[in-house]
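As written, the chain order gives the labels A, B and C, with residue 1 at the start of each chain.
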Amino acid sequence: MTEITTTAASDRPAAIRLTTRQREAIAGVLFVAPDAIGLMLFIGLPMLLALGISVFEVDGFGGFKFVGLANYSKMWIDPLFWSSLRVTAQFTVMLVPLLYVTGLGLALLVQRTSKFNTVMRSMFFAPQMVSLVVVALVWQLMVVDKLGVLTRFAASIGLGGISFLGDPNLALFTVTLAAVWFLMGFYMLIFLGGLQDIPKEYYEAARIDGAGATQSFWFITLPLLRPTSFFVLLVSAVAAITGAQAFDLIYVMTRGGPANSTALLISYIYQQAFQYSAFGYAAALATLLVVLLMAVTVFFFLLTRGGRFDYE
Amino acid sequence: MTTTSNMPSGWSRRSILKGGAALGAAGLTMPFMGKAFAQDNTLSFWQFYAPGGDVKPQVDWFVKMVADWNATQSEQVALEYVVGSEYIGGTKLATSFASGQGPDIFIISPGDFLRYYNGGVLQDLTPAIEEAARADFPESVIANRMVDGKIFGVPMEVEPMAFYYSVKAFEEAGLNENDVPTTWDQLLEVGKKLTTAERYGVLFETNPGYYQNFTWYPFMWQGGGEFQSAEGKSAFDSPATVQALKLWQDAVNSGAAPRQMLGGGGGDIVANLGSGYCAMQNVGIWGISAMDNNAPDVPYGIFKLPVPTGGKYVTVGGGWAFVANSKGKNPEAAAKFIAWALASMAPDSIQRVVDWCTVAKSDMPPRNSALTAGGDAFNKGNMGIFGTQIHPGTRAEPRVPPEVYKIISDAIQQTQLGGADPQATATAASQQLDAFLASYSGAPIL
Amino acid sequence: MSTNLSRSQANVVRLVWMLVAAVLAVMAIFPLLYMLSIAFKGPTEVFKSNLIPAKPVFDNFVYVLTEVPFWRYLINTFVISAVVTVVALFFHTMAGYALARLRFPGREVVFLAMFSTFLVSLPVIIVPLFILVRSMGMLNSYAGLIVPAVFNAFGIFLLRQYYLSLPKELEEAAVIDGAGYWRISTSVILPLSRPIIAALAILFFLANWNSFLWPLTVASDQNLWVVQVAIANFKSQYAASWNYTMAASTIVAVPMLVLFVIFQRQIMDSIKTSGLKG
């Protein structure tokens, strides 16, 4: 870390005297540099390359042909692309609110510090400890036709003959439930962090004013949690759209079926690239995915004034 | 997919790389370029069996083969193991080829043949294979590895599809081995009889994928259906295709077949038949060793695929093949290795095929001489049922481009699980097929 | 309303609250009990839906720990996760601090650019990343497994939010004393960020402990395998030894659970998504 020692050295009288402002700027740049370079090299550059490929027809075996925007125009007439986009939208619309409600709900449930709650928190977070392949397999077993625990439960409340993963109208919902179960502990943690930032005095004051628990929640907790909420919504929306966790779950649970009902955009990109070797088209699809995510992020950043997530 | 390999294209992999490097990390990446492309000359052989595999006889077979070769030849071969699920459905092989450093020797299934052939990476093995050995491979086994009379892959095994049934489930339903279904109607009927509150009567693969298509083709063929006519047009919209789609749909709609599989899917017999989830399962020959090794206390029987009214028995035979990378370090040596290993008339080559299909796996051999040399191994017991009854009607797994696979897969999924009308689905799929075939310019689809 | 009554009411509410939490918590770990159950089942019993194994066996654990070099994979995974975590925290605390507290030109742009890398998922960039790492000569090496895993916008973001929430006065005093930024960062800021570092350490370690796709892609040498790759290897072409998979997954999950129980207090205290106190 030679650069940094240089900065430290420049604090002492040196040949060139810098103003406080300049020293701060130099230190800032040097401090950010390792991460900035690393992110640029290992994520930014590969991403640019991946996007660059989208104007080529690539056969996956070293053959390249410049095709301009052909891969993009192909998308418009590709029914599987539209279907995967629709599935991604449905998944996001289900996952994000469900995660928000369960994450916040669990956090409120166990926010008080006690031995009991310590155990509860660990139990809610426990699903995060196993890999998604295991999660998918266990869920597959719990919802399997006829014999699964949840299938039997459904039958006992009058939903006999239900197929959680084999019915195109239900499969995505089932996968979403598994994803919520896996992720809820993580968002609970984030909300617990947020809840602890709310000064206790606010609640005291509200109680003295005669406000009940419900009113405290709506008029103190929820507004003061706004930064945390923004963060949770943004991160979960990005996770849903990139299919970060869903991809593995779906691969084991349904392979995108039945009848493409769980084929997310990321699964379709993966299929085009690695199963069909159509890397050019896959790159064009990935570009679209990134544009979608950018739109979501810009929306959140505008809403939060440059990502400060402050509440004032 | 068009054949881009022969295209006089100015955009080579290296120029893309250079362009990419110039984008940001020129200083960092360029000095290492030469080093990365100049490796030693050992031929790498990628597969999912050895040395990291779980099944010892399979590991031993591969290790011994390579050791025998390396002991006598100057071009050395080294086994490189890839985790099976990743080799088949993962990114590893595609990533290595896309980045310009594919293995020298590797194995592929018929489902992947056209992707690699049309990508221009399959080496012509014909010059390395003597004529007598060429004739030793039955047409039904070698045809889908050939283009224009040249051999591009040497099959290591034939894995025909059949039905397995649980003896216990049959007994519980008051049935015995004489009630084994021989027609589709009987299959559905027996399937319903075997269905209980805890068990499904009959099981067809439900997960979409190459494997599901593979298991569905014989039902289409049995009524005389094809997905492509001799003129290269779609033949998908036919009564035979519609009735095959309808069979699978009826099985699910009648409640006799499940909509979801356990474990690894329809090919995983221990997870489904072995666990008692179903009473009859559509599985290939590998089911024998799977059941014998992992569910020894579950008695089972085997019967060949039932036929539709007026239909003719046929089943499908899968299996993987050795291929050489024409862009590899020494494609000629790789071809020689493959011919020596699996396609020479030397006794040790024939015995190697026998060993693979009997000791390492329970499969049918792809060579006539190996079938003879194996003798009783292919005639007795459960293997004998395959050898004498099931295998003689085997047709090779079709080789189709990914686009065709997907059209057929969607048709199966929409009818089987989506409840779509079989006739309407076949018509729509046929139109899609025609549209694709009109623009297809790769090697013949078989 | 008498205070006595409201106190007992409060107790009832609390009890109901605890009951609800307990029921939900049991539901939350229920699927994990299946994992544990299968880990003790023989191969034919795996797919029976009974939760209590009819004939519990310990063979799966024995197999995983003796027939497979699983210890080696555990050690690999531990070393990789630990190094990634330490190096990442070192870089991320510096970057987070600078992004939160130091004014330099282009700061907002850099932050936005860094954050945007959060939108990229691995399957999308895996081929170019593989080429890049290969051309740097890092295939089949610990470096290849570790270096690309270090850089992660999520951690930088959380650290920045945490530093925004710290009172400014602390470092202002140090600035007046004439301390350099490196010294402020190490002797003022770092000690203050102990809780968030503990929290992120767990999260980073956990993420790398369970990572699969990148280790699989970059290392084909079996001596460099990580646990998730080894677990995936229990699956063959058509079938899988799920009993081994579950036994191995249990072995892998237990240390993480213990770690979490120990450190969960710090984790909770330190995850700041707001700049509220700043």
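Heads up, the rule we're going with is that contacts are C-beta pairs under 8 Å (C-beta built on N, C-alpha and C of every residue); 3 or more make two chains touch, one makes a residue touch a chain.
As the structure is a computational prediction, the values presented were derived from the model and not from experiment.
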Would you kindly say which chain has the C-alpha centre located farthest from the C-alpha centre of chain A? B
Given the contact rule stated at the top, which pair of chains has the most C-beta pairs in contact? A-C
Quick one: chain A and chain B, Cα centre-to-centre, how many Å? 36
Go ahead and note the Å separation of the Cα centroids belonging to chain B and chain C. 38
Averaging C-alpha coordinates per chain, one finds the centres of chain A and chain C separated by a number of Å equal to 15
Going by the touch rule set out above, which residues of chain C reach two or more other chains? 47, 123, 127-128, 131-132, 232, 242
Which residue numbers or ranges of chain A touch two or more of the other chains? 40-41, 44-45, 49, 53, 141, 144, 147, 270, 273-274, 279
Give me the residues of chain B that touch two or more other chains. 20, 25, 28, 90-91, 95, 98, 100, 262, 277
Name, in rising order, each residue of chain B that touches chain A in their complex. 1-2, 4-5, 7, 9, 11-13, 16, 19-20, 23-25, 28, 89-91, 94-95, 97-98, 100, 102, 115-116, 118-121, 197-200, 206-209, 255, 258-260, 262, 277, 327, 402-403, 406, 410, 413-414, 416-418, 420
Where on chain C is chain A touching in the complex? 17-18, 20-22, 24-26, 28-29, 31-32, 34-35, 38, 47, 49, 91-92, 94-95, 97-99, 102-105, 107-108, 110-121, 123-125, 127-129, 131-132, 147-148, 150-151, 153-154, 156, 161, 164-165, 175, 178-183, 185, 206, 210, 212, 228, 231-232, 242, 245-246, 249, 252-253, 256-257, 260-261, 264-265, 267-278
Write out the stretch or stretches of chain B touching chain C in their complex. 17, 20-21, 25, 28-29, 32-33, 35-36, 48, 51-55, 80-86, 88, 90-92, 95, 98-101, 262-265, 267-272, 274-277, 284, 286, 290, 294-295, 297-298
Per the contact definition, I'd like the list of chain A residues that touch chain B in the complex. 40-41, 44-45, 48-49, 52-53, 56-66, 80, 140-141, 143-147, 161, 163-168, 251, 254-261, 270, 273-279
Sort out for me which residues of chain A touch chain C in the complex. 4-5, 7-8, 10-11, 20-21, 23-29, 31-32, 34-36, 38-47, 49-50, 53, 106, 109-110, 116-131, 133-135, 137-139, 141-142, 144, 147-149, 181, 184-185, 189-190, 192-194, 196-197, 224, 227-228, 230-232, 235, 238, 242-244, 247, 266, 269-270, 273-274, 279, 286, 289-290, 293-294, 297, 301, 306-311
